[in-house]
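By written order: A, B, C and D. Residues from 1 in each chain.
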Amino acid sequence: MAKKFINDPQNILIETLEGLVAAYHGRMELVEGVAALAKTEIPDGKVALLIGGGSGHEPLFHGFVGENMADGAACGDFFTSPSPDVILAATKAIHRGNGVLYVYGNYAGDNMNFDIAAELAEDQNIDVKTVRIWDDVYSAPPGEIEMRRGISGDIFVVKVAGAAAATLKTLDDVYRVTTKARDNTRSIGVAAAPGTNPVTGSAFFELAEDEIEIGMGVHGEPGVSREKMIPVDALVTRLMDDILADLPFQSGDRVCLLINSLGSTTVTEMLIINRRVREILIKRDIAVHDTQIGHFAGSQEMAGFSISLMKLDAELQEYYDMPCDSLGLTKQ
Amino acid sequence: MIERLSLQQTIDMFVYVANHMEAVAARLNEADQAIGDGDHGEAMARGWRSAREALDSGEFNSIGDVVSAVGMRMMAAMGGASGAIFGTWFKAGGKSLAEDETFSSEALIILLDHGLEAVQARGHANPGDKTMVDALQPAATAAALAGTRPISEVLPVVAASAQQGADSTRKLVARMGRARTLGERSLGHPDPGALSTHLILQHMADYVGTL
Amino acid sequence: MAKKFINDPQNILIETLEGLVAAYHGRMELVEGVAALAKTEIPDGKVALLIGGGSGHEPLFHGFVGENMADGAACGDFFTSPSPDVILAATKAIHRGNGVLYVYGNYAGDNMNFDIAAELAEDQNIDVKTVRIWDDVYSAPPGEIEMRRGISGDIFVVKVAGAAAATLKTLDDVYRVTTKARDNTRSIGVAAAPGTNPVTGSAFFELAEDEIEIGMGVHGEPGVSREKMIPVDALVTRLMDDILADLPFQSGDRVCLLINSLGSTTVTEMLIINRRVREILIKRDIAVHDTQIGHFAGSQEMAGFSISLMKLDAELQEYYDMPCDSLGLTKQ
Amino acid sequence: MIERLSLQQTIDMFVYVANHMEAVAARLNEADQAIGDGDHGEAMARGWRSAREALDSGEFNSIGDVVSAVGMRMMAAMGGASGAIFGTWFKAGGKSLAEDETFSSEALIILLDHGLEAVQARGHANPGDKTMVDALQPAATAAALAGTRPISEVLPVVAASAQQGADSTRKLVARMGRARTLGERSLGHPDPGALSTHLILQHMADYVGTL
């Protein structure tokens, strides 16, 4: 059992959110009575962006509320999607008369709860559209892309959605751009050691001393194969083959690159991974427009990493390049 | 032999279910550990604890009110796939029973039928996908077949059908929810939501047995 | 032995630096022949800022090279200070005729190697001044402040130094402001579980299941006491008592706050810590100007965290508020 | 009995030291593990490996050149506290011997004396602080006392004094370097840098013994 710096495990979510609000210095507040956050200054008539999902993956999701990022977040308990009333309360808190875009990872629980909330919001004359993120290449074959999970590609989609929602005038337009960002984003991940559930104290899964699991999800969902640990250059080569083939990314493409730690994998390791990723992209004649390296979407102290690529066109690049400010991602 | 439950007995029945569902949380967590993320018992306990609060404190004019309150509380308190699914079941059932003042076998048929319909509309699971639908659907069929017999006779039959349905999920490969990614590895393990579907109906039957 | 995503352990440093250079998209390059980095565009006449230290703490130090941050970094092997020739080469690479400020953590090895390099640089008519960071309250009593270690307070000092070096015209002025930032910064840390040395594969130290070490250094240097794990609110209360008493920070002060993960401690936990820190600061009537939460100065996958406070005056605030862009810290 | 070493023998002596210091790396790491960060043997091995490369390939006009090359390579290759300290020792010693073409007892005295002085100027450690100074200082004293006796007689005496000095650090509380924070907990463990100071001098003596 990992030693965690927490108080009563039952209070993790609310204490996390209070700590987050404190870090925003008045720019964000709790939505009354539920585990949800909203920016304090959202202009009238703005298309509002709501994100959300289970907690335990911090800074994902609620750490991506901020300037030119999401307007609010609906937060579930540990690794559990938020319930419709939380989502609805957050929706009402950020709605400014011009519709709300829901953006979240494609998990059965999230899908159903956000859908129910969307129906309840529509009952109250709030326009809602939804973009589910399904970037995890290993979680289903290309023909069943709507069965794929959302992992660290979430960050790119939320980044673009936040910029689009700050700029564009209609929900339909923001929806269109966000959908394009989603469709142009792919991720792959690998785990080397489990995290522990801070509520129960038990490990998410077991892996032998010398084993890694390719494609394991951020809640410990199984991936495509369990293999022996190999030098990271060889591992990255194999992962890159799979991600590049999927969209596919092609010679002449321009991409944003994100290398994400699932928890205890260090910046040192991510830099070594980045080195190899770039060697491979250079060989494939794929240009990298921007690189983000850090802890964006974790699974407690799981050891492992994920790589996300978003293929840019002029429009996506414009929104990607806008400055933004949030706990999880700040860009000048 | 009990023909039908009064409004108060209906409330008492769900309080009885709530108390017993909390007690089986560890077993359900375990089942979810095998093919999911291990939190189904926790979620059920959370949902039924909240439902019991509503049952203890609420004013109810019909059994539909009671069932809806259970559904609303489960949906709000649980989150996750099961919050949406079980909440939908009871909310849909409650809506259809808004005029009823007693819990009869006809009411049970409606609760299961309309509930099943709503659950499938929400989650798109079909029988055989290894979800709670594989317990709820045979339960609904059994209720329809038992027809208008007294509630004290119908509920045990319905619960037994749900149990058979839940058992049958061991032989299924998951095609929905978290277990889907396991593929063949989900074989041999029952679906946790199907187990709790049986247990809910079983505890309803058990309660009536105590009368 | 933790499974690390590396290749040959002997190549960790160079591969890390290559990965870092790749992430900067032309804005940074390796200094020929040594483990050092320099920005590619440093204006003539700029006071240059050189930082550095042992590797294994990424993003510290080399991740803080960037716009309005350091101009270069001299990098040592794993947990080992760089040698004078590396420092000297980095010095020459970033010198633009107006002197070089060395800023680094106060460790015997770093001190001696940077001092030797400074002497060699002076021999070549390069003006050098040095600010050693000694923010770790627990590493020596207040009367022996020059014996204290540098930990996550490094980030605040480098932030201010980078902004000052981008603005002020003379080495003396940059030195003066940086010294003030150093003198106004205090940190405290606690460890709950060791990291592992990626070269040897062995853990840095041992701690019992239910023990934490208060004040442990980022290389596993012992702290002030080994204690039973307690709820984090109680732990933070105790740590804050000690840090606030040290400068001392007082009612009416305005501070910047940084909460740093030593490795595997999660953002979730840091947000819970932040919540308690802010409760305490409010009670003490100390205003927080800005909050940084993340992985800034680690010790591989060590579990633990540190808290840093920098007391602001108008001048420090001006430099702190300047935008900056680097792997480890970006501010709008 | 050997009065003094030729330039080539001096080179060979340091190659001999280099080879043997690599072999004791594990022991030095262990010593550093007890009161430091466990890398002293690694650092020494790295430094002497690099020194040997210089010795193998360089052109040397004086024993000062040889000693300086060792110091420069140690300083550049090792990093850390020991790179600065041991590099300083040999660089300072080499500088003072730039005119000497043989390695005599007088040269040894200078190497130790001027080395010690430079090490103390750089690191500000005094005898009793539990550093390599506690081995280097008695070695320097022993060399001065042995005076002008042949190198083959002086070196073993010097090495023995260094060993005594290194041993004595077990009883000291560290006041310098990483071990300082340990305070009383450093008692009972020898200082790793003092151990390697002894070993360097011991291997120099051993080499001369092979002639």
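Annotations
The rule we apply is simple: contacts are C-beta pairs under 8 Å (C-beta built on N, C-alpha and C of every residue); 3 or more make two chains touch, one makes a residue touch a chain.
The structure displayed is predicted, hence computed values, not measured ones.
The minimum number of touch steps separating subunit B from subunit D is 3. Mean C-alpha position of subunit A lies 28 Å from that of subunit C. Separating the CA-averaged centres of subunit A and subunit B is a span of 33 Å. The centroid of the Cα atoms in subunit B and the matching centroid in subunit C are 56 Å apart. Within subunit A, not a single residue touches two or more of the remaining chains. Taken chain by chain, the contacts run in an open path, each chain touching the next and the two ends left apart. Those residues of subunit B lying in contact with subunit A across their complex are 37-39, 42-43, 75-85, 87-88, 122-123, 176-178, 180-182, 185. Within the complex formed with subunit C, the subunit A residues making contact are 1-8, 12, 15-20, 22-23, 25, 55-56, 58-59, 63, 67, 192-193, 198, 209-210, 212, 229, 231-233, 235, 261, 263-276, 278, 288, 290-291, 293-295, 298, 300-301, 303, 305, 323, 325, 327, 330-332.
The touching residues of subunit C, counted against subunit D in their complex, run 54, 76-86, 107-109, 112-113, 115-116, 139-140, 147, 149, 197, 200, 202, 217, 219-223.
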